[in-house]
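Letters A, B, C, D and E mark the chains as written, and numbering starts fresh at 1 in each.
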Amino acid sequence: MIDWNPLLITFKLALITTILLLLIAIPIAYWLANTRSRLKPVAETFVSMPLVLPPTVIGFYMLLALSPSNGFGNWLDEWLGLRLVFSFEGLVLGSIIYSLPFMVHPIQAGFANLSPSLKNASYVMGKSKLTTLIRVLLPNIKPSLITGIILAFAHTIGEFGVVLMIGGNLSGKTRVASIAIYDEVESLNYGAANTYSLILFGITFAILLMVYLINGGYFNKTEGHD
Amino acid sequence: MIDWNPLLITFKLALITTILLLLIAIPIAYWLANTRSRLKPVAETFVSMPLVLPPTVIGFYMLLALSPSNGFGNWLDEWLGLRLVFSFEGLVLGSIIYSLPFMVHPIQAGFANLSPSLKNASYVMGKSKLTTLIRVLLPNIKPSLITGIILAFAHTIGEFGVVLMIGGNLSGKTRVASIAIYDEVESLNYGAANTYSLILFGITFAILLMVYLINGGYFNKTEGHD
Amino acid sequence: MIDISLQKLLKSPGGRMNLNVQVKLEEGKLITVYGKSGAGKSTLLMLLAGLMDPEKGYVKVGDEIWTDTDKKIMLPPQKRKIGFVFQEYALFPNMTVRENLLFAQAKGQPGTIVDQLVEIIDLGQLQNRKPNTLSGGQKQRVALARALVRKPRLLLMDEPLSALDHEMRVKLQTYILKAHREFNLTTLLISHDVSEIIRLSDFMIELDQGLIIRQGDPVGMFTNDRVNAKFQFTGEIMSMVKQDFIVIVTVLIGRNLVKVIANDQEAAVLEIGDKVLIASKAFNPIIHKIS
Amino acid sequence: MIDISLQKLLKSPGGRMNLNVQVKLEEGKLITVYGKSGAGKSTLLMLLAGLMDPEKGYVKVGDEIWTDTDKKIMLPPQKRKIGFVFQEYALFPNMTVRENLLFAQAKGQPGTIVDQLVEIIDLGQLQNRKPNTLSGGQKQRVALARALVRKPRLLLMDEPLSALDHEMRVKLQTYILKAHREFNLTTLLISHDVSEIIRLSDFMIELDQGLIIRQGDPVGMFTNDRVNAKFQFTGEIMSMVKQDFIVIVTVLIGRNLVKVIANDQEAAVLEIGDKVLIASKAFNPIIHKIS
Amino acid sequence: GSKQDDKLTVAVAANLQFAIEELVEKFSDQTGVECEIIVGSSGKLTAQIFEGAPFDVFLSADLKYPEELFKNGFTFEEPVIYAYGNLILWTLKKEINPDLESLTAKEVKHIAIGNPKTAPYGVTALEVIKGLGIEESIRNKLVFGESVSQTNQFIISKAADLGFTSKSVVMSPRMQNRGFWKEIDKSLYRPIAQGMVILKARESFKTKSIQFRDFILSREGKEILHKFGYQIEF
């Protein structure tokens, strides 16, 4: 019998990370798409950095920053009761940092491609920026949101390096599928590794295929008729 | 003194991978953007899979498939003289698979957003599909190409899991920066890990920032004047 | 009275251009802004709507101050009572026609206004369709209706009809006039089309390089001294057929082809494509309505 | 002779539509394709260019067969000697104006043709600019020149002038005529504009719902029986001012405003916005060239 | 419940991963204490303990790492040696003899060893190679696994022709009769003394941790370790 826990944790992690990332990425992407600040390229670079840094580097610095033997980690631990190393919460934080660019980039592109007159039309109707964002802008960049969600979700499922560094491989808590497969391979249980891999492959293949089918292809815009 | 080899290998790997990926991804993206085949969503899903599969899974199956005592690995070894485990070439192959979606997706989007009349205009001038691709289509999706190149390059620099599985940690050959950092952390040499991380961070930050600055922002199209 | 004094530095293809507009507009009128591409027409409307900030100047609408750079007043677009019809319509693709109109409602505004507009602008059939499934003319009507939902004090329209064919255009001009009168609006319209301007507007401003170069009654501005008791037209020569000592010249006037007989001397200076003036010495026109 | 017989099933907003065009066109002529939006005009041009495949039919140009579904002949667009001017110009943004023209050259074609076209179409000043820095009219000229580089047998133009203002439009019509004559082309042009059609074309086809509903001489087709010795115009009523027993009716004809005096009875049936016919009983027109 | 929070967490060096299953099973049967096993290279586990990993007992592949932890105050007491490890050469290839001569043979292209930076068995393997004076000549053949586990994996996938690993691997039921192996002459390396410490990370588990340590050092524990090829002082 295989242990379903790592698969459950993986999908739980991917789900929570994706939801939180969506909430974090929308304001960042909105700002990046609209700012004329000269700091924009720098901000863009920072957002892209997690893409470039090996997950081990991210993991390493998170380990240093969050370890309770450290100032910040200690503060978190004592004041908020948050232990971010070797805990599920820590994996969520790591995954958010790790997948940030995958959520921000497509949404930023989506905002940038929207005609500014949509926003203006809403403003002259007396609608606040927030109302405009929620009721007008976001519903009209759905394909970009879907792209961001898929990328972030998928990327989190595939995460390995960060988890290896800060997760500590605790079953039921931080042993995600990628680590479990690694473990099984290391203990020479190729059968179990195979099973995990196939299940992971199957589920994610199904999810992706569904999205592509529903979406009628990633990049197809809804066609006008005029 | 730190060993510069891992950093050199990392950038060499990223460079070679990016160039090869560009050559591979362009035809795939071109086909995906133009096909009306009903297999398109399936093909898109396959291209996206490396995004979802943990690098350890990719690495594990590559290890099994490429080991010279295995049918395929043996064939490669005997007929092409290619040993893909424990070799730089193997890392290149692994990185190509691992970063494929990052190159294909933006280029596909670029092709899909080009007006079909550009292609048609070239055809009626008697230009072949290849000439049209090289002289008309590619130069006009430069921002998408740059996006793909950055993403693939960056993603390769950050690669860890695949290399861990099939690299064998050979200094001067397969010990890339991400592995070196992991090693240093494990041997409690935080100082060295720090140095590697900072250098990697610095160089990639500089590369990205330069690209963003030159490109005047990722997603800005060249503006018309009409 | 709408009292406007606005300055803004613009980047134009040929370097910098200073938009500098001083004008007082009477309320309740339909005013056209006319001018070459790049003259600053759209910018003027954006400044009035508060969608762009001027470097210097003010906008006073009745006793309200909308913009005043000296007093650092810059009412956000949300608080200006304006309707804006954008050139590309800017309908929200995610909402149906009716939802577009409902979205425009102010909080607490009675829902009857939407039904009323649907009635007036003839949108009954289209209510539940998404903008993407509408034709250009239909989109335009929806955009107009949507701009009227909040009963704006000032209606701004940026080349609303330029993309439409002649027939649709005439139809929508009627809707615009109807709305302008029914809702007692002050309307500013950007247009390039002479017949549209003459038909719709009470007053016209011509911009060039950011400055008002002419303003006044549109009929007067387009016709100069050409309109008088005499019948005279400008047109373009389409063909010339020589017959013995005369030449039959076909001239296109509007959509009408007219044949005029010219003698050899007269014809000698004419060429196909020339713009010509045709005038009559004695003329007794009759007017017939076309069903 | 260009012998066309083409059938293609199209998806139109209101369900399916069968494009079914049978026509023989004389070579060397300038032919306009006219018709409502969605009638199938662009599709016809795409079929002729080989950029779309018909379900059934043939295209024979002189003694060459370009398309023949029965014989399974489908010459690729590369091998048809056509020039195509796309509505959105389709200039290559990565190349300068000159590079756009040079790219169009066939292998081994002498380079002089580009210089010749630059001369004829007046592109000297623009040669080294990128398309993005050109105005609409300039882009249009480049697109036209580029389509002529290969000395096509058939020039296809899809609403090439619709986005331009009147002045620019007239200027480009001149270039089109010049090129058509100079290069001895057979030209197919899609246009909605009556004056353009009359001015440019020798022959006209009107499409509706995929079928040819009328074809013939454009002047005849637009003017019906309206052109005769008498001077008569259609126009639109702009205003009516009552004075004692008469009403002064201002009518817009083309860009001309004309005042006509109507008596009470005549005026009773008239309203602002009505289309009217104005005819003269006795008229002695004089024609003057406007400098 | 299966929650990790109420289980004794035992971190073990990779070479012990097969023996530990049986050890824990017996221990749980006797005491009713449920255990969670974390396997890794000794180096990685130590690094994680330094950063606050919630481990209760640590069984290392050497004494160096436990002593490091003890010195830095992460443990309740000094490390105790629970076993001595045995190094073997292992291959899955019929045509290769798992003896030291093969190391320099031409047909042997890759030799897997543990990464000396993180895996003590790697340190010992390197010691053997150096002792034979063949370090230079086979340097290009060596491939490094992060831990004994990864070394095994290189051997089993036959990506490496031959490799140094722990005897416990080939003694495990799963790997018995797989390939060919040979013990390395003990005179060629210092005994691999494997140390164990009780960690302070979770005070509430101290009693259970002591129970666990005592079990490992009991006759029963020693027998299991012996069965898996460790050298034990009874």
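Couple of notes before you dig in:
Keep in mind that, in the parts below, a residue touches a chain if its C-beta (ideal position, glycine included) is under 8 Å from a C-beta of that chain, and two chains touch if they have at least 3 such contacts.
From a predicted model like this one, the values you see are computed outputs, not experimental measurements.
Under the contact definition stated at the top, the chains bordering both chain B and chain E are A.
Steps from chain A to chain D, taking the shortest chain of touch contacts, total 2. Using mean Cα coordinates as chain centres, the one most removed from chain B is C.
Averaging C-alpha coordinates per chain places the centre of chain C 84 Å away from that of chain E.
Taking the mean of the C-alpha atoms as each chain's centre, chain A and chain E sit 36 Å apart. Note: centroid distance chain C to chain D, computed from Cα atoms, is 26 Å. Multi-chain contact residues of chain C (touching two or more other chains): 13, 133, 135. Those residues of chain B in touch with two or more other chains are numbered 182, 185, 225.
Multi-chain contact residues of chain E, defined as those touching 2 or more other chains: 50, 150, 153.
Inter-chain contacts, as defined above, occur between A-B, A-C, A-E, B-D, B-E, C-D.
Residues 33, 40-42, 44-45, 48-49, 51-57, 60-61, 63-64, 105, 108-109, 112-113, 150-151, 154-155, 157-161, 165, 177-179, 181-182, 185, 193, 197, 200-201, 204-205, 208-209, 212-213, 217-220 of chain A are the ones that touch chain B when the two sit in their complex.
Those residues of chain E whose C-beta lies close enough to touch chain A in the complex are 2-4, 9, 14, 17-18, 36, 38-40, 48, 50-54, 147, 149-150, 152-153, 156, 169, 174-175. Contacts from chain A toward chain C in the complex involve residues 115, 117-118, 120-128, 135-136, 139-140, 142, 222-226. The touching residues of chain E, when paired with chain B in their complex, are 41, 43-44, 46-47, 50, 68, 92-93, 109-110, 112, 115, 117-118, 142-146, 150, 153-154, 157-160.
Within the complex, the chain C residues that touch chain D are 13, 37, 133, 135, 165, 174, 192, 194-195, 198-199, 219, 222-223, 226-229, 231-236, 238, 249-260, 262, 266, 269-270, 273-290.
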